Each structure stands twice: as structure tokens, then as C-alpha cells.
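Heads up, the next two complexes both have chain A, just with different partners, chain B and then chain C.
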Partner chain A sequence: MGSFDLLMQGFENAFTPTNLLYACIGVLLGTAVGVLPGIGPAMTLALLLPITYSVEPASALIMFAGIYYGGMYGGSTTSILLNTPGESSSVVTAIEGNKMAKAGRAAQALATAAIGSFVAGTIGTLLLVLFAPKLATEVVKLGAPSYFALLLLALFAVTAVLGSSRLRGFTALFIGLAIGLVGTSTGQPRLTFGSPLLADGIDIVVVAVAIFAIGEALWVASHLRRRPLDIIPVGQPWMSRDDWGRSWKPWLRGTAFGFPFGALPAGGAELPTFLSYITERKLAKNPEEFGHGAIEGVAGPEAANNASAAGTLVPLLAMGLPTTATAAVILLAFQSYGIETGPGLFDSQPILVWTLLASLFIGNTLLLVLNLPLAPVWAKLLQIPRPYLYAGILFFASLGAYSVNFQWFDLLILLVIGLLGLAMRRFGLPVLPLIIGVILGPRLEAQLTEALAISSGDVSTLWSEPVAVIVYVIIGATLLFIVGNGLRTMAANNRKQVSA
Partner chain B sequence: MTTTQHTPPGQSRVVDKAQYGLAAGIGVAGAYVIYDATTLHKGFADQPVQPYTFPFIVGAGLIVLAALLALATARGDVPELEEGEDVDLTKGSDWVTVGKLVVVFALNFALISWLGWAITGALLFAGTAHVLGARSIVRSLAIGVVLSVLSWYGFYSGLGLAIPAGVLDGVL
Partner chain C sequence: MTSRRRVHARLAGVILAVSAAMVLASCGVTRGSDDEGHRRLQMWIPNSPGGGYDLTGRAATHVMEDADLTGRFEITNVLGASGTVAMQRLLNAEGSNDVVMTMGLGVVGAVYTNESSARVSKATPIARLIEDQEALIVPKDSPFKTVEDLVDAWKKDPKSVTIGGGSSPGGPDHIFPMQLAKTIGIQPKQVKYIAYDGGGPLTTALLGEKIDVGTSGPSEFEGQIKDGSLRVLAVSGAERLDNIDAPTLKESGVDMVFANWRGVLAPPGISDETRDYLITLFEDMHKTKGWQAELKRNGWIDAFITGDEFGAFLKEQDERVATTLKELGLA
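For the complex of A and B:
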């Protein structure tokens, strides 16, 4: 059966009333949490993981995908109306979006963000449908050595390419790898402190909830803003002919930036949104408008943001490699259903995957239909009293962690790792490498074991496949570049200090 | 030169002393990972990767990173604090509130086996909301009770999972 038939079958499954309902809930919930300060899509998905215990896999994943896309859109609403972006991916949107809102053009800014997200999301999902199955059929032919190399690349790329401090990135990664060691997966207890409660390892759900929800809530509590934020009131979003004319090209260019970056192992939306912004500024007919609320500066980055969200699903579905925090939690959802993620996913779970892909198109359309009229409601959400908001986050985080095993011990782990999450925010350690380390660390060990078991212990098998060699060359070159750059900066600083 | 520098010339160098504590903690954790690895036996014959191989690598990595972090701290490297909509970095840190939240949280897991989620969940919500500055205790309690009882029934009828009810066993 060709991809098209499979996709049509996916649409058939996605259009059942139950699945449509889950798509609606997902999109609404996603937008709401995207708008709400302090909660992002990754945290929401982590809190909702318990539903995977009883809801059908397809329905749950459809809802999760809706939350992912909705959260992206909700984040842009906040940054336009508040000028304090909650997610790093909407930082760029805030630059022009908030200026537009202050100039009385909030409705147009929200409209170009919503329609641009729809355009980019739809094109991005189309590209995902085209590329992911092809990539998966290639990757599935690779052996354990290549897959081991790809896992290494994912860990390395997420840590080294994103974030401002690589030292802190690697520190977070190794803490994550250490947490991933806990348990008896190798037949002997490792780092269990002699406790049988730790024999099965630390549940990744608990780690994710602790790092995202508890760590964030405690960090906000330590720096809670006591005065209310200035929220710009907004009516029904709309755009004039002129706004349309200025928006459509940035949407397409933003999509072109966003999707490939999202699909790379070092995915994420920071870089493509920024690139889109500077491109639009360069190409604008009246660049002096930038910095004072240029609609192109909202349209482009917002499209890039959503296209990259679609792009991150390529490595996730085709290789089982998560490259963003949200993708990491979606992977956990697959795992908690006992679904083997990796290149074989398209073969082993065709109905599930294609239903998920079809529902991405539906979710994207729902986002547009629901969010344009609902924008004033979302703006109201920003006024929720903060004590209740953060008490609610702590409440649902505890519930989510407790529901894993109904053991008080998990709540203790939740608090301990939550405090770690607080410390990470205090010391500027990025969260993503830790989560990816916890998830991929054990898989790295398993792949290495498999590779060496096949070669009966001969280490040279690791570089016996061309893909593996290419990946190691990429890692090596990046590492050289980083070390060289670090040394240059250090030398420059030393010179400065001597002359100062 | 356009390289970023944390300490502009002429000003005294800022050292984030607490970061030494973080470095020490990571170093100790790395040392423990290595110590734990030394207690492991050789793996089975069909285990080409020894159970202690990864712990040695991770532990060593943690120790090296801790040393680098200490070095960077001494050279005046300060962390970039995380920002957010509700985060006000212009004021100092309020660790007292965090401490109180931790106490409320600890009460929750200390009492949950005995009292059950329906009660401790409500107390958790009311307690943390109060610590965070909610004005009316009665209202916080009311919201907490509604949330915890609803979540109990939501899990029970929606997900088919019975959260242990504690002392309310048979009542709910």
C-alpha cells in the first residue's frame, strides 16, 4: 500500500467521534497551557502521561499531538500580549509582536501568528508524511553500530549545539545519564542504595514531572513577580488585505527555515525563528519599521516555530530520537504503551502512526478554527491568580507521579529531583540534555551491547558501517570546532585581562 | 573584539560562590557513581559490555565537569538564570517560600499512605496556595477538596484506577 492510501486510512480512523474529541481537547488544552505562564507543552504532556494507562494509544497520541501544536500557538499569544515569552521558541515573536500589540495592532499580530502557524503546520506535516516513512525504511536497514552512533549524535547535538553554555549542557547530560544508570537492567543493582524500591530504576515519568513541573514551580516561587503584568486587551483577530499581502511570503520562508532545522538531530525552534527574523528584516520593503511592530517579524518566526515542531517529529517517528523536550515526553508515551519506538515503528504500528499523522492535519485546522474566535478568552487566562496556578501545578505533578505506582516513595523521588530541577534553573543548567540523557542513556548501553554481542566482542564493529563512520566524523568535527572556539575565547579573555 | 565577557574591565570580578557548592555536589555524585561501579561483579559471559563500563564513564565525566565548573566559577563565570512570565529576576531570591513549599510537600508524602490522596491532595493544594500568597485559606481549602475528590473519582471512573483511599477507605 502506498503512503497515500495509508494516510487516507489514517484519516478514516482519526475521524471517529472519539478521536475527534481527543483532538479537540488536545488543541484546546495545548493552547491553554501555552498561554498560561509557567506551564509549557512538555510539562503538560508529562502531567498527562497517566492517561496512557487506560486510554487507547491512538486517542492519547492524537491528544498529545494536539497539545504539542496548540502549545506552540499559545506561546505566541503570550509573547504578543505580554512581552515576556514563556517558551524560548517564541522569544523572537515577542520582539515585533508585542510592539504591534502596543501600537493597537494586537488583533493583526494574533491573526498572522494563527494563520501562519496553520500554513506552516500544514506544509510541515505534509513534508513529514513525505519524508519520515522514507527515512524510516533507510534507517531500519542500519545495524546496531550505526544506530549506536546515531544515538550518540543525538545526545551530543542536543547538548553541544543548543544553549549558551556547553559546559552546563554537558553537566546536565551527565546528570541525566547517571539517573538513567539507576536500576538492575544489567542484572546487578546499580546506584540503588540497596533499596528494592529503586531496583526497577527511577520511572522516567517521575523524572520528567519533577524536572519540568516541580523544578519550574519552585523556581518561580523563589522569584514570584508580586506586581501584576500588563496585559494588552485584544478583540477578534483579523487582518486587512495589506496585512495578508505582507504576511504570506514570510510564512512560506519561515516554513522553509523551520522544517529542516526541526528535523535535524539538534532540532529546536530557537535558531530557525531567529534566522527567519533577520531574513525578513533584510527583505522588508521598509526595514525601518522593524523594532516598531512589523508584521513580517511576527509572520515569519511564527511559521518557522510551527514548521520546526512538525520537523522534530521526523527523527522521533522515523528513528525514535527525540530532539526537543516535548518530543521526549511523546516518546515516553509510546514507551508506556510498550510500543517499540525506532525505525521499525512504521512497519510494526502502521495504523497508529498514520492515524497520528492524519490527526496532525486535523489538529492544525482545529487550531485555526478554534483559536481565532477564542483569542479574547485566552487573553483572560493570563489573569489567573498565581498562587492557585502554581499550587495547581504542584497538585497535578504529585498526582501524576503518585499514579505511577501509588507509592509515597515516588513522591519523595519527585521532591528530590524537583529540587535538582530548581538548582538547574538557579545555575543555568539546561533541562533538555538531562531528560534526553535519562531516556537515551539506557538505550545507548543496550545498542552497544547488541552491537558487540553480534561481533562477539570485537570493538572494531562500531566503525564497520559507513553511516556510523560519517556520524563519528560529524561529531568529531563539531567537537574540534567547539574546543577551538572555547580556547580562542579564553585566550582573548586572558589578553583582555592582562591589558585591563 | 566582540567576545562576550562577564566582567567588564575596571570592575571587580563577580564570583558566584554557590556555584562551587554545585560543582562539589556534582563531583561527589561522580565519585559515588564510580565507587558504586567498583562494587559490581564481572558480567555474564554473554555480556560484552561490563555492567561497570558505563558507570565508570559517567562518573569520570561528572568529576571532570565538576572540576571544569569550579574552574569556570573561579574565572568569574556566572550562570544565566532562567526567565519566565512570572519570574522577576530584579529582586533577590525568596528561599523561605521555597523552604515552606518543601515542608508542605514533605507532609504530603509522609501522610499519604495513612490519610489517602483525597485528603493530603487537598491539603497540598491549600498549603502551597497559602504559602504562595493566596489570601483566603477557606477558599484554597475548598478548591483543594474539590480538586482532590474530583481527581480521585476521575481516576476511578475515567481511568479505572483506584487511588488508595487511606482512612477514607469505604467512604469514597
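For the complex of A and C:
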């Protein structure tokens, strides 16, 4: 078993004091940038690229991997505590996580996120070690038609989270899809109102922060005088037996969603978090708890985003294919050391690759060790008096939006969408369908455009790939099942009426 | 320590972490004196960290700081619309004596496709720094073995060849195949071009044989080219590249030379003295060993011209790109 020996050797190399220090700096820095909306791991890594001039390749890559994993984790902390997701992959975490925090269960939410991330990251890295070379050659065969089908399946699944009122659910979904339309698509500006500032569309993190954090701050501010303050109860500091029992299955299922999507070149980290959320909601013993702080809704998505981070490294290490912005910068780091990236990396640089893989395990453990004891401490943040807390959230959200490009226009967008968030709370529109619309809409369109452009407009290309066909069959079967169920209940109702 | 105070201590920690991240993001540390020979300058970069302009811009400032040619640079990434936002901001900074911006061929076209009037020729030209060649890349099992094969098939049925590039319409990977098509007598409008979001997705599409030909700078594909899973039919420059075994377009019988380039602009309306200062600064930078090392390290081709010569080149490029995009109905 060659891989195992190589991995052990990797651990040996990674366990030098210098490399451990770099891993430590990496995860700390990663957590810090994950916390701040606007600054993501990709940008941090790019800014740190100059260290490749002076630092050993292994140490630099170990630090970079730490930042990557740390960023995936850090985004969840602010999602849970402040309803302000730092990264697009932790947007879904905010939905249940922040509700848990308000119910005095912030420590549990943070803990299940930390342990779930650890479990998923470790399993993901293990899968990476085992399958990277074999998996990578398969994933490039998936083309735009398959992705389009997968995204369609995801959009179809949205109907499960529309909420009690279909009308409100669809309204929110279509507002989301409309926000997703903004930007330049295939060279044509759309809904940009002639401003190049809108040409790249509106970032999903900005939308999420505005709808969640700004919308809520405005809502709270508008009710502060009328209603006595709810005191956020101080809960237990650790996860109970029951919490563990409810968390472990979502962790595993989240990993199962996250890893393959991460390994797919156009998979991404957002889609699996949201699919994991929906699955947990469907499978939960107490579905009514969802929307009021269900721990499953934090455990699943958090596991999914970390597993997808591990999955991303499959095409990167096995084929030199960067599939996310962060992976692209890691590739640049390889190149600036003059290391040939590409299909031969495992063979040409075995020591470096396996040291990197070993350091992923170490980074993951470090994250757990650092974050778990901090969970109860962070949870105390919520005891700050409400006006100060929300002032802090507003400051934090604005800073994040402004720091991307240092222009006031981004603050304006934040405020406008924040007002939309306030209106949605006022009229009882659910926020999840909107967020999903913003995520899925542009990607659905991009894949459809690509598929049809390649086939010169021949629609049959959409079912030309086996994966696409399988997905359509699943959608069809589910539809039939739903319609069949509906007919049966209708028939049963009719019979009752007849016999009555 | 009361719990309230501990909360405050934690808050201070958060604020510290945030400010650390902010410092990291802006890199706005200033150093050096303010005397005339050592001005403090701002370097604007019209795309995100890690992108092409970013690598070139940061390499140049790094070299200038190392060689103590000027005061410390403040680097700002101005994102948006493939550089249009940054270009607009540069023109708005009319008369600012402390700003330079890295840009390149991609920004020239982006301004048109984004319907902006911020033409690159309105700014003050300082220097063109480097060139990058474009390459025609095909998957291992492609029926095209030479440029001739491709040209024959393409001419016979323009719609039968799908071309993919790593830049959006108006960018170098898009302009290159359009000008190539025109050279061999195909209407640019008939070219089937798929825009991918950078080199990664483009490589995926090539390896998965979703497209027939990829147009891009070859450096991002070195690993796949060396290992044989991708092949280069030709490179677009006047001369062959050292590290890639492929002929130029001219050698392959297509009379065309195309280069993606990057250079430095200053805002319009700056004083002659500042303009001369900046040109001299980049001339000095060009002479350093550090810059020559950067060229080698990044595989960039030295293409240094300054001032009016660069200005004339910019004007010619602007017109050429505009003509191509107008034919496509994109400008």
C-alpha cells in the first residue's frame, strides 16, 4: 500500500515545528478572513502570494491549505452569532444557526459546526487520499448539459422550502432570480442601468448579509420601542447527548453531498450546503423545529461546505485543474515555485503533495482544538445589550461590503437590499427561496447558454449526457410520485364525500 | 474579571482580528520619504488579486520598492466589469499626480462591451511592459494536427468548429480568434465562441472535449501540454516560445501576429514633469536585474516601450479592437 507509506512520510514532514507554525498561522488567518464578509480565502491567498519568494514550498502550501480550511470554518461563526455570513458557503448555516443562537443555543450551534467541519474535512481528506487520481479523469467528462440538469434538480427541490404560503414562497424565489439577472451575460449588459459598477452582478454574500443582517437590524430598530426586549437566555455551554444524537447523521450526509460537488469542476460549495439543508429538513423527526433553530440544519450544511473544500483538491492535485478561485491561487503558488502542475503532480512531487495532504489533517485538528473551547466564549457575545449588538452588526456588515472595492456604491446596494429584507419580514416572505434564486439563477442560465451555444441551439444536447438523463429521470419520478399522491388524496376525499 | 469585561476583551480581540484582515487587504502601509525623487505612489489594479494584471502590477511595484527607486506603493485592486470600473476611476482622477494603473489589452475591449466611454486612449500613456502570446490549444485526440487542418475545416463550415477562451467577449482570448477568422477569410460573426470563466474551466472543457479549440495564453496549460493531454497547434507571436514546441502562425501559413500585452497608464491631465518622472521611473525599473528575473519567472516577453510610442500603440490597438467588436455587434 504505497499511498499509506507516502502519507506517513507526509506527516513526518508536516510535523516539523516550522511547518506546524505555518499551519497554525494559516488556520488563524483563515478563520479571521472567513469571519469578515467580503474578504474571502481566495483574496487572502492572492495577497500572500509574495511569500513564495522567501518561504519553502511545503511551508507556504501548508499555510495556504490552512487558510482555505479555516476560511470555510470561520464563515460559520458570524453566520450563527450575527446572522452575517462571511462566505457564500455559510449562507445556509445562518438560517437555523442564528435562530439557535437567539434561543440561547449559540454554543451548541458553534460546536456542531466545528465538529461537523472536522468530521467532514477529515473524511473528505481521506477520500481525497484514496480516490484523487482515479476520480479526476472522470469528472471532466461532465459537461454543461449535466450541470444544467443538476441545477434544475436543485431548483425543483426549492419547492420543498417555500414555506406555508406558496404565493409568498414563489414571490421570494422570483425576486431572487431577478436579482440574479443583474450583470453582463454573453457580452450584453442586463439590468445594469448603464453602470459598469453593476456589470459583474451583485455578489451573493452582499445579498445574504443585506437580507439577513441589515434587514433584521432595521426590523429590530423599528420595533425596539414598541416591544420589550427579549432577553437571550444563557444556555448550557456544551452539546448535550441529544445534540450529539441529532448531529452525527447530518454530518455524514453533509459530507456525502459536499465531497462529490467539490470534486466536480463546476460543483461549488453553495449547492451542497443547500441540498443538505433540504434533506435534513425532509428527514428530521421534528420538521416543525426547522425555522426555529434545528441543530440538524447547522450540522449538515457545515459538514457539506468543508467536505466540498476537500473535494476541490481532487481535480487540483490530480489534474492541475483549479475549480474555485481559491484553488486557482493555490495553483499559482505551485507555479511560482516552478512546480509543474498538471496530471503528473502526484508522481513528480510526491513528497510535496503528501506533505500537503498530511497538513490538511493537521489543519483540521488545529481548527477543532482552537474553535471548540472558544464556542461558549463567542456565544457570550450575544449578551451585549441589543442596541450595541446591532450597531456592531451594522458596522461589521458595512465594513465587509465596503472593503471589497472601497466604493460607496457597494454600501448603497447593501442598504437597498437591506430595505428589501425589512419589507420581506414585514410581509412574511421567506428568505431562503430568495437566496437560492440568487445562487441558482445565474448558474442555471450560464450552463444552459453554454450547452446551447456549443450545440448551435440544438435542444437535444440537454439530454445527451448520461448524468443528465439520470437526473431528469429522478425529477420525473419525483413529479409522478407527487402528482400520484395528490390524485390519491383527491380520490379519497371524493369517496368520503360520496359516502357521506 | 466580570463576564461583561470578558465580553469586552473578546470584542477587542474581534476588532483586532478585523483590523489585521483589513491591513492585509489594503496593504496600505507607507514607507519612505516624501522627497521628489522618492514619491509615494498608488498602483491601481483593474482585476482581483492573483489575476494577470495583478501579477504584473505587483511584480513591478515589488521590483521598484526593492531597488529603492521610489517610495512605498499603495496597491489597490479596483474590481468590476473586466477593468471598466477601474478605467473610469482613472479618468475621473484627472490631474492626480500620484496614481498609476496596470492594464492591458483586455481593458481596451471591456470598455466597449460595457458601453462605457472611458477609452484607454484618453489616459496618459506611461509604458508598455510585457507581452504574452496566445496559443491555439486542442485536446490530445483532436483531428486537427496542424493549423492547416484547422483552417481547412473551419473554412469549409465555420459553425462546425467550437472555440473556447478564458475571457469574456472583448478580452484577448475572444479578440484573437475573431481576428484570426478574419485573416483567413471567415466572417467574425460566424465564429462559434464560448466564453469560460478563466483558465480552469477552459482546461476542463478542453480535457472533456466539450470544445474543439481553446484560445488562451499557454502558460496556464503547461502541465497538460507537457504530459500530452493537450496539444498546441500554434502560438500567435512573431517568434516561437522557448518552452513550448509549436510553430508560430506565420510559419504555419497564416499571415498574422497577435499579442496580449500589459502596460501602465496614468490619469489624464497630469503635469509634464510628473509624466516624465513616471516614465523615467519605469525605465529605471526595466533596467533592474529584479525585473529581468520577474520576466523569466513568469514567462513574460519583454516588450518595453514608453510615452508617445506607447500612446500611438494604444491608439492603434483601440481602433483595431473597436473594429472587431463593431463587426460582431458588440460595440
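One rule holds in what follows: the second predicted complex is superposed on the first by the 266 of 500 C-alpha atoms of A that agree within 3 Å, B and C clash if a C-alpha of one lies under 4 Å from a C-alpha of the other, contacts with A are read in each partner's own complex, and residues count from 1 in each chain.
One rule holds for everything that comes next: a residue touches a chain if its C-beta (ideal position, glycine included) is under 8 Å from a C-beta of that chain, and two chains touch if they have at least 3 such contacts.
Remember, it's a predicted structure, so these values are computed and weren't measured experimentally.
In the superposition on chain A, A:50 contacts both chain B and chain C.
Look at A:21: by the touch rule set out above, it reaches neither chain B nor chain C. Look at A:406: by the touch rule set out above, it reaches both chain B and chain C. By the touch criterion stated above, A:197 is placed in contact with chain C alone, chain B being left untouched.
In the superposition on chain A, no contact is made by A:470 with either chain B or chain C.
Of the two partner chains placed by superposition, A:283 touches none, neither chain B nor chain C. Legend: residue contacts after superposition of the two complexes on their common chain; A:479 is shown touching neither chain B nor chain C. By the touch criterion defined above, A:456 reaches both chain B and chain C. Touched by chain B in one complex and by chain C in the other are residues 50, 186-187, 392, 399, 403, 406, 453, 456 of chain A. Of all residues in chain A, those touching chain B in their complex are 37-38, 50-51, 53-55, 78, 82, 84-86, 164-165, 167-168, 170-171, 174-175, 177-178, 181, 186-188, 190-191, 216-226, 229, 385-388, 390-392, 394-395, 398-399, 402-403, 406, 408-409, 411-412, 415, 418-419, 422-423, 425-429, 441, 444-445, 448-449, 452-453, 456-457, 489, 492-493, 496-497, 499-500. Across the complex, chain C is touched by residues 29, 32-33, 35-36, 39, 42-47, 49-50, 140-144, 184, 186-187, 189, 194, 196-197, 199-200, 265-266, 315, 319-323, 325, 327-329, 331-332, 335-336, 338, 340-345, 377-378, 380-381, 383-384, 392, 396, 399, 403-406, 450, 453-454, 456 of chain A. Listing the residues of chain C that touch chain A in their complex gives 3-4, 6-7, 10-11, 14, 17-18, 20-22, 24-27, 48-50, 54-55, 58, 62, 76-82, 84-85, 88, 113-116, 159, 162, 168-170, 192, 194-195, 198-201, 203-205, 207-208, 210-211, 219, 222-224, 226-227, 229, 297, 330.
By the touch criterion stated above, chain B contacts chain A in their complex at residues 1, 3, 5, 9-10, 18-19, 22, 26, 29-30, 32-33, 36-37, 40-41, 43-44, 46-49, 51, 54-55, 58-59, 61-62, 65-66, 68-69, 72, 75, 77, 79-89, 91, 93-95, 97-98, 101-102, 105-106, 108-110, 112-113, 117, 121, 124-126, 128-134, 140, 143-144, 147-148, 151, 155, 158-161, 163-164.
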